[in-house]
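Each of the next two complexes has chain A plus one other chain: chain B in the first, chain C in the second.
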Partner chain A sequence: MGVSPGVAIASGFVLETEEYRIPRRTITPDEVPTELKRLDHALAESQDELEKLRTDAVDQLGAETASIFDFHLGVLRDRSLIEQIHRTIADKCYTAEYSVTTVLRGHARAFLQMSNSVLPERARDIYDLEKRLLRHLLGERRETIEHLTEDVCVLAHDLTPSQTALLARSRVRGFATDVGGRTSHTAIVARALSIPAVVGVSDISRDVASGDTVIIDGNRGVVIINPDDLTREEYNRHIREYQELEHELEELASLPAVTRDGVQITLMGNIEFPHEVASVMEKGGDGIGLYRTEFLYLGSETEPTEAEHLTAYTEAIQAAGGKPIVFRTLDLGADKWSQARRSEPERNPFLGLRSIRFCLQHLPLFRTQLRAILRASVKGDVRVMLPLITSTLELRQAKIIIGDVMEDLEEEHIPFNRDVKIGIMIETPSAALTAATLGKEVDFFSIGTNDLVQYTLAVDRTNERVAPLFTPAHPAVVKLIKDILKAGRRQGIGVSLCGEMAGDPEYTILLLGLGLRTFSMTPPRIPQIKRVIRAVSLEKAAKISRRVMTFDSDRQILNYLREETRRIAPKAL
Partner chain B sequence: MAEATCEVTICNKLGLHARPAMAFVDVASKFSSAIQVVKGKETVDGKSIMQMLLLAATQGTQLTLRADGDDAAEALNALTALVRRKFDEE
Partner chain C sequence: MKLTDFISTKAIIADLTATDRDGAIAELVQSLADAGDVPRSKVDELIEAVLERERVATTGMGKGVAMPHAKHAAVKKVTATIGRSAEGIDFNALDQAPVYSVVLLLSPPDQPEQHLQAMETIFRHLQRDNFRRFMRQANAKGEIVDLVQEADSTLNSGS
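Now for the complex of A and B:
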């Protein structure tokens, strides 16, 4: 499934995780000394780690239990074994990872086959040790993604948000993963970075060896490994054509987003990093409708300080040049949680302690971020947005804390904008159904369709087996959006939509017809959406949306919208 | 340089499982001599925990210990004593 358009041709870079099979990969004879060094390094690191573990275990669990580490350490000291791994690297020219895996698994298998009752258990220890060694070998490689010297296409089973964050700063031209769906976090980031991406390609990370030439075709959702000359030439031509299309869209950037009947529509960008503000402005965006602040938390091992927040926010505000920026407070959700921070695994993380709920239980963390946003509020048009609000009580609690932080700043004589606009995300059915009430206590709404669809249709968008059921075209979702927009109008507050739906040209006419006037999307989509807006009148859009309300299935709705969009703005799809 | 050989019988109940094998390897590794352990047609490195375990020597198994080096005799004395003490397990 293609989740981010474009085509990339580059050499493959396989990002492995400890749970997955290590591909059989050979190296050239002159790489042997490097691989041997990597192995010895991993052995030494593992030994240090195990010795520390044993010391701690002796203190905490007693010498008896701690002796399990003796066996692991004993195996690491086994010269014959290490020589065997060395020989596998040197004689067969296999990578250190693959050599470790084959040799250790060979022994583990031998243990498993023994009839003796105690030895098969040792196989578990061997697997454990294998994992430890691989982690050190791969850990070392993982870091190098930041120091790439050539352009690559990354292939992985899955990418964690922090790995994806690294991609932003490196020479990654495209990526493909074994799992994932259209709205998985990695897909969102890929689109934000304008990197072609294909997800849900079973076993791609296993089938490709690092160094293979890889074509990632995000338009058709295809990955080609070691293409022949003909295919390569065809794709090169394709890339040139695509660049021409991009160029055409760039020209749209300077034109206003006005409907055929002269109504101005506001198009804003969703961003993760301050440096992306520039690309929103380049595409002709009217501001930042969603600044996701999570990456401040995910990018580093420690919690960001107030000063770190403020530095990032100030950079974004300066780049926006007076245009509005909506700062969404920490929205760490189940799918974005970094492993290191997760204290207790939850049975149902999407319904668990995430987002505003987490903030309200971790006040020092929440206050630090609020202080920084408020301090930044004097530097430009800053707005605060609270995610995952489900009730007025939660909203009031959060507002009390904001008021509290304001008081602190006042006492400390730190300037901030007392009238800073405070809004909420409408992304749960409960918020959507009570929008009329919530609207009385906030300055704006932003509809988060990704979560709204997930919670309304009860579909986990990252689960590939049910991902096809995830669609904003479901009549229930369309009805909720309509009602939210109506509630906003009645209350006289602004409503924007910042989910994936805003950047999908198939839905532009429907949303205009339902009354949406502010769209916020990943920056590369802005010109395409503008093209649809400029081709349609509000009158026509309203007619189409009324028709949509009469349909009873998402299929019917989507087909109809596609057909109409193709007729009105043929080049947009 | 000297070479020494002797026969031992594994007499502890659980045989040469992880902990006794570790103890054997630890003692063997204190000596500079090369240590080989023979069970039937199999010959393994007495300083390798993995190989010692793969011998799967159960109670009653006859092993031939072979040492080759300056401290061969001392090594075999220490190792046979360890086996006879049932690896200090029982």
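Now for the complex of A and C:
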């Protein structure tokens, strides 16, 4: 599965799982002081190393991503834990290596067993830390991505959070892992860094030997090992064309997104980190149409505080320089973070307590985020977007809570914008079919096609056995989008579309023809979509969309749209 | 949190006399005062606080239910009660549809956590079709009390 677009050709670098086998060795009592000194030295070295990694990560990836190191540092500074290792050395006369391993592994196991309250991810962090300490104790020089002298494609079973963060300052051109998904930590960081990445390629870390030539094609989700000359040449050409295209697209960034018949279209960016606002602006975006706030929750072990929310939001708002930012409230539920917080996993998490439902049943958590968004609302053009609304009941409950939060802020004399615009995601068939009613109570709609397609077609796109059935070109989806746009027009409220469909040039003409005027997408797509917009007139787009409505299969629709797009904007595909 | 942790069963009204929003709210606040849950001397102030909140944004949330509420210093602990109307009350809900069940919630300003927990519990139960339907059908105080107690045991209050 490709999780970050682009193509990289470089020699492979296999990150071993680094299974150290530490024998249980005892020392004589008079060796204890030396052993304790070795331990303290390793602790200090590791701490320095982590501090440095953290500082670099803050610069390159932003504070949230860097916060993964806070946990590591926190463990290293935990007196009781250090004390425990000391005692294991002093009382039982074990070597420092063995003591570190037993104590830390015990700690990691404890984390795994507390799955109810703590992320299982934390156990991985502890193993990560164990490796770091052992490396210092064993005096082994780290042959790692930190010290690379040539460009590489990294292959690993899975990347630990600290390895992923290292990618930023190394010569890694792309990576592939055996496990992982679109929303895994590694995938998110890869996208933020614009490094091509493919995950879920079983056994890739075993199939490649370091030094093999590896092609990572993040666009198609393919990894090619030792390509023949022909393939290699083809990909090289592809990369050159891609670079050429990038240059052309850069020029597009400063041109307006106007159709041939002079209608202005709004193009916005979807982001997960505040520092991505800059890349949206660079690509000529008109604001942030979707700020996914989940990373604040996923990046740290504890629930983010109001101050942490506010810091991130303020950073994003300042970077946007007065352009609108749509904050989507917490959209978690069908994921590790919240599943780990349940006493028993849900059988059907995508139909379970997720997103707005989760928030309405965890009001203190919801309030914390709402307070931060409202406090941020005086700093720029802030809008609130509620995800996964399926009924007016949910919408009104959420609005009651927003009202209460406003009241609290007022009493505390904390400034906020009372007229902040409140909108909803339309991403379920129920919301799409009742859009006319929902529209009376909100300021805007944003169509979330990823979930809308999933729920309309009953297809889990992360399940590779049914993934081919997942397509926004299905006539049912097209019809729902058309109806939502119509409901928005009648109600006089803005409608944007922020799913992946918005960034796919094959659908641009259709969406324009159906009446969409605001597109929000992953920032690198903005210029490409602009190119299509500038090449077509609304009249032509409307004609094409009317034709699409007469087709009865997704194949037919997609083929027709491809053909028309190729004719109108040949370079866009 | 359970419904019975904060719902004053004594103050429940199975048949509201009022037919409009303001009247229903006044009746429920008075009932809480009569039950000894809030001071009688503050009834007018409490009514005004709830109405003020209601005027900013309606708490009629559709499906025939409303949850008027306010925070007020005269309230010592989070307390709520239920009023039912067979005819339906015009609650100025956005959909103009009548409200049949009114859950009135009063909280002290210094217990924001409990206030939210109570709302969460109310939301959770109102989400259920059966709860809304039975509440609307209950025509004696005892039936509503039973319903509340039953609801607590069916839906474990969770985290």
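Criterion: the second predicted complex is superposed on the first by the 343 of 573 C-alpha atoms of A that agree within 3 Å, B and C clash if a C-alpha of one lies under 4 Å from a C-alpha of the other, contacts with A are read in each partner's own complex, and residues count from 1 in each chain.
Here, a contact is a pair of C-beta atoms (placed from the backbone, for glycine too) under 8 Å apart; a residue touches a chain by one contact, two chains touch by 3 or more.
Model, not experiment: these values are computed from the prediction.
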item: Touched chain A residues, chain B compared with chain C; value: C
item: A:122 touches, of chain B and chain C: first, second, both or neither?; value: first
item: Chain B versus chain C as contact partner of A:367, first or second or both or neither; value: second
item: Touched partner set for A:392, first chain B, second chain C, both or neither; value: second
item: Partner chain(s) touched by A:411 [first = chain B, second = chain C, both, neither]; value: second
item: Touching partner for A:403 - first (chain B), second (chain C), both, neither; value: second
item: Chain B versus chain C as contact partner of A:78, first or second or both or neither; value: first
item: Which of chain B and chain C A:440 touches, first, second, both or neither; value: second
item: Chain A positions touched by chain B in one structure and by chain C in the second; value: none
item: Chain A to chain C touching residues, read off their complex; value: 341, 343, 360-364, 367, 391-393, 396-397, 399-401, 403-404, 407-408, 411, 437, 440-441
item: Chain A partner contacts - residues on chain B that touch it in the complex; value: 14-15, 17-19, 22, 25-26, 29, 45, 47-51, 53-54, 56, 58
item: Contact set on chain A toward chain B in their complex; value: 67, 70-71, 74-75, 77-81, 107, 110-111, 114, 116, 118-119, 122
item: In the complex with chain A, residue positions of chain C that touch it; value: 53, 56-57, 59-63, 67, 69, 71, 94-95, 109, 112-113, 116-117, 119-120, 123-124, 126-127, 158-159
